[in-house]
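In what follows, a single structure is set out as structure tokens and then discussed.
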Amino acid sequence: MELLKGKKGIITGALNDKSIAWKVAERAIAEGADIVLTNTALSLRMGSLQEFADAHGCKLIAADATSLEDLGALVDGAMEYFGGPFDFVLHSIGMSPNVRKGRPYEALDYGFLGKTLDISALSFHKLLHTLYEKDALKEWGSVVALTYIAAERTFAGYNDMADAKALLQSIARSFGAIYGAKRHVRINTVSQSPTATTAGQGIAGMEDMLKYADRMSPLGNATADDCADYIVTLFSDYTRKVTMQNLYHDGGFSSIGLTAAEVATFPKE
Amino acid sequence: MELLKGKKGIITGALNDKSIAWKVAERAIAEGADIVLTNTALSLRMGSLQEFADAHGCKLIAADATSLEDLGALVDGAMEYFGGPFDFVLHSIGMSPNVRKGRPYEALDYGFLGKTLDISALSFHKLLHTLYEKDALKEWGSVVALTYIAAERTFAGYNDMADAKALLQSIARSFGAIYGAKRHVRINTVSQSPTATTAGQGIAGMEDMLKYADRMSPLGNATADDCADYIVTLFSDYTRKVTMQNLYHDGGFSSIGLTAAEVATFPKE
Amino acid sequence: MELLKGKKGIITGALNDKSIAWKVAERAIAEGADIVLTNTALSLRMGSLQEFADAHGCKLIAADATSLEDLGALVDGAMEYFGGPFDFVLHSIGMSPNVRKGRPYEALDYGFLGKTLDISALSFHKLLHTLYEKDALKEWGSVVALTYIAAERTFAGYNDMADAKALLQSIARSFGAIYGAKRHVRINTVSQSPTATTAGQGIAGMEDMLKYADRMSPLGNATADDCADYIVTLFSDYTRKVTMQNLYHDGGFSSIGLTAAEVATFPKE
Amino acid sequence: MELLKGKKGIITGALNDKSIAWKVAERAIAEGADIVLTNTALSLRMGSLQEFADAHGCKLIAADATSLEDLGALVDGAMEYFGGPFDFVLHSIGMSPNVRKGRPYEALDYGFLGKTLDISALSFHKLLHTLYEKDALKEWGSVVALTYIAAERTFAGYNDMADAKALLQSIARSFGAIYGAKRHVRINTVSQSPTATTAGQGIAGMEDMLKYADRMSPLGNATADDCADYIVTLFSDYTRKVTMQNLYHDGGFSSIGLTAAEVATFPKE
């Protein structure tokens, strides 16, 4: 297939081969896209994104997505590399110092909360603002941000990331209305099954959550590979009129109240 | 592209070249699919589906989707034609005698209401039941039904079709949970912009609704062609973990409260 | 308290002292309301509503809510008893022959399905139509129908009642738009926790569902008594601008993804 | 009525007699509650809350809701005044420097955005945290925060307040799960019709939005007085099992797609 033949875009947030963003990058390239990769300098040292870039001949630009200066340089660098405006962007950035440091939600450190929101949500506004200001996306360009259903329903232990994802989803709608009217750029969020990424390992009880979600999803949990497949359709020209949506990619979990598979695990008297 | 290369499916509800289903059929064929077309005997006489079938070498089977017998013959015929189970189905069937006869919602004819529900919603259950019972869909098969946002928000004049669409969407979820767990078959509804089809002409004030929806959609209304593009992604292997969802394909309308374009039309004092 | 002082209304669907409608009737009377009770002739024989009516001096009128004739006589009888238009109505009617006869959702009896929809959902339209046609509700009157979250998310075993509740909720919106504009009558649905009523006993695995819902509700399941308290606020003048809403009364269940209480029951390896 | 007889609570955010919070305070007192009022020192100078406090014999404590120190003093002061834990709290706090300074959403000042979120959303977490830490609310206490439908659908000109309200609503759910399980405290948001308050005057095109919302609401816009009526039911013991909900109090607007009243204003060709 060449679903993204001739298309160009930026993929943020890939760390290693467990990352959803890594899978999206692989998949986008396989579908004919040319991509620019980015992550923080720290993540580049901790992960293996440089190897990916070398192997696939991608451009790699370090950037802190909370920094307007870095984002400006990223978008300028991408436009220079692509020879002009491009087609798609993946936002796959999130981190909660409160989760990392074990601060419970009822006793958040507010400095940490500021960081959670800045990294996980406001970075999306800053990225969109930079793209918009520089007119960096082509007509009918497509932007996708990864999110999680905790934005709508409370999951024990997901902590302030739930609030960050709710904010992220709102930013997608708010900016989507403006960028859509201006340049027909569509902006959506993909609400993915819990996924066994390196980032996900920070969430308390992740293993239990994965199994629970799997039992409560008629098709089973969506994997990172599944997610990459889905996201390339959203970058393609097949989905041009989809915007400002939060799209569940979760094997059906979001529409389930209770499955027979879950009932089977209930404690017996 | 050959997004549906080697895939086989049934497309219901195409009447003429304004029909969404017609566009889906064209698009599916262009993407490499082999299809069986179906509509009622009356619609076949009124429309031009036979010509389409002749031109594209498709199989055409007349069926009344409210009749289990007809649906059985349709699915049997499709399996025979395809040489076994197939991959996708489009449900694009809806009609309200109350709308046609101008009965207002507060004074529905209940016999007509029964027909509205039977044709527009229960036909979907009957179709799914027939597919399920005959094990006619392959693993990871995909079923899509067309719907409208009136299922969630009330539109003046949409009448009992709103209730029928709400019922249809519920059937998609209810059956999706079962068919997903059994055969990994996914079932979704696509909530499309108001579209200037022959069927849409029956709705009072359709022209005004089209313009209003367009002003309230940052990307403008999605056309029948746009819808066909979108639906083939849902039939493809790229979206295997999406199920039990109501997917808005509407240029952003569903996430809009008020646009500047609409404000510009407000009456001046 | 006399939250409903001077108010008059019809309460449908009370069978015995486990019924939510029974509790609503008791509570409405305690809050100063005068009420007319109704149920089918069969239910009157099976339950103890006559005793309730005798004890509280209420008017009791037998009616089959699927019969326009019976509904007409009910509303006429109520208007005669009250001396004119009245203030509120509770719809608490639902039954699925498919559930009773153990027909699984993928193999429904369609005659039974028609009955499920007629009894559980269309009866609400017929009731509203009758009230509207006879102008039987006062300005700012209030109508409430009981529903369940299965209308939005699939619960194993809830079967075609899920579809009926989705249809019921749509009818509340569709008629709410019309009755609101005409007479300021508000129409809402209350989506109640699973409740141990006589009707609920027909649902497979009800006991497990009750426990699961309780573990997944931060405040625990809402009881029938809790529900009665809530519904009288919706009948009162305090909530005049709430209409066309589906109101979750469920201890928080609807906004929960996963609780610590539920995690504690997960199978250990 | 004495719906709040013997109940005690804090009302934030009242400025003058146009404020929703002012109306809630009046109504709560009329229903038998004893209240503590609070607002910033600046708002106390600009508005007339001191006169209200004098007239009704209420306790007034100046506090900046973004300051943990001030919130601590507020809650301590309230507990001292009430002689212990209390029953309810209204959060009615919001302000966007971006809106005030006319910065469009695509070009927000990020320092201002930080303030918008801190004042309009994080203040709610800080308030809940302070209440929780000091165990200041009684069992089955009730907390309500005011919000707007822009959190779900984009309204031109509502700007970053939309994102702040989405964050606020997420905080209500996240904290509601914890406070509910710990102390049966319920936390809800009320999504009110656009209301002609002093704060609302900052929003561009407010007058048009009010008229549009009114035409699109079958019952008409809910007023500040209506809102006060509704909120006292949420503070009362009648609604003990409602939590983590976003409750639309909007005359039906949220469930409307298009009304005949709106169609009547459409431009004629």
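By written order: A, B, C and D. Residues from 1 in each chain.
We adopt the following convention: a residue touches a chain if its C-beta (ideal position, glycine included) is under 8 Å from a C-beta of that chain, and two chains touch if they have at least 3 such contacts.
Everything quoted here is computed from the prediction, not taken from an experiment.
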For chain B and chain D, chains touching each: A, C
Pair joined by more contacting C-beta pairs (A-C or C-D): C-D
Of all other chains, the one whose Cα centre sits farthest from chain C: A
Interface composition of copies chain B and chain C: same or different, split at half: same
Euclidean distance of C-alpha centroids - chain C vs chain D, Å: 30
For chain A paired with chain C, centre-to-centre distance based on mean C-alpha positions, whole Å: 42
Of all residues in chain A, the ones touching two or more other chains: 153-154, 156, 173, 176-179, 244, 254-256, 259-260
Contacting residues of chain C [partner chain A, same complex]: 149-150, 152-158, 205, 208-209, 211-212, 254-260, 262-263, 265-267
Residues of chain C touching chain D in the complex: 1-3, 173, 176-181, 184, 186, 193, 218-223, 226-227, 229-230, 232-233, 236-245, 247-252, 254-256, 259-261
Complex contacts: residues of chain D adjacent to chain A: 68, 104-108, 110, 113-114, 117, 122, 125-126, 128-129, 132-133, 151, 153-154, 156, 159-160, 162-163, 165-167, 169-171, 173-179, 244
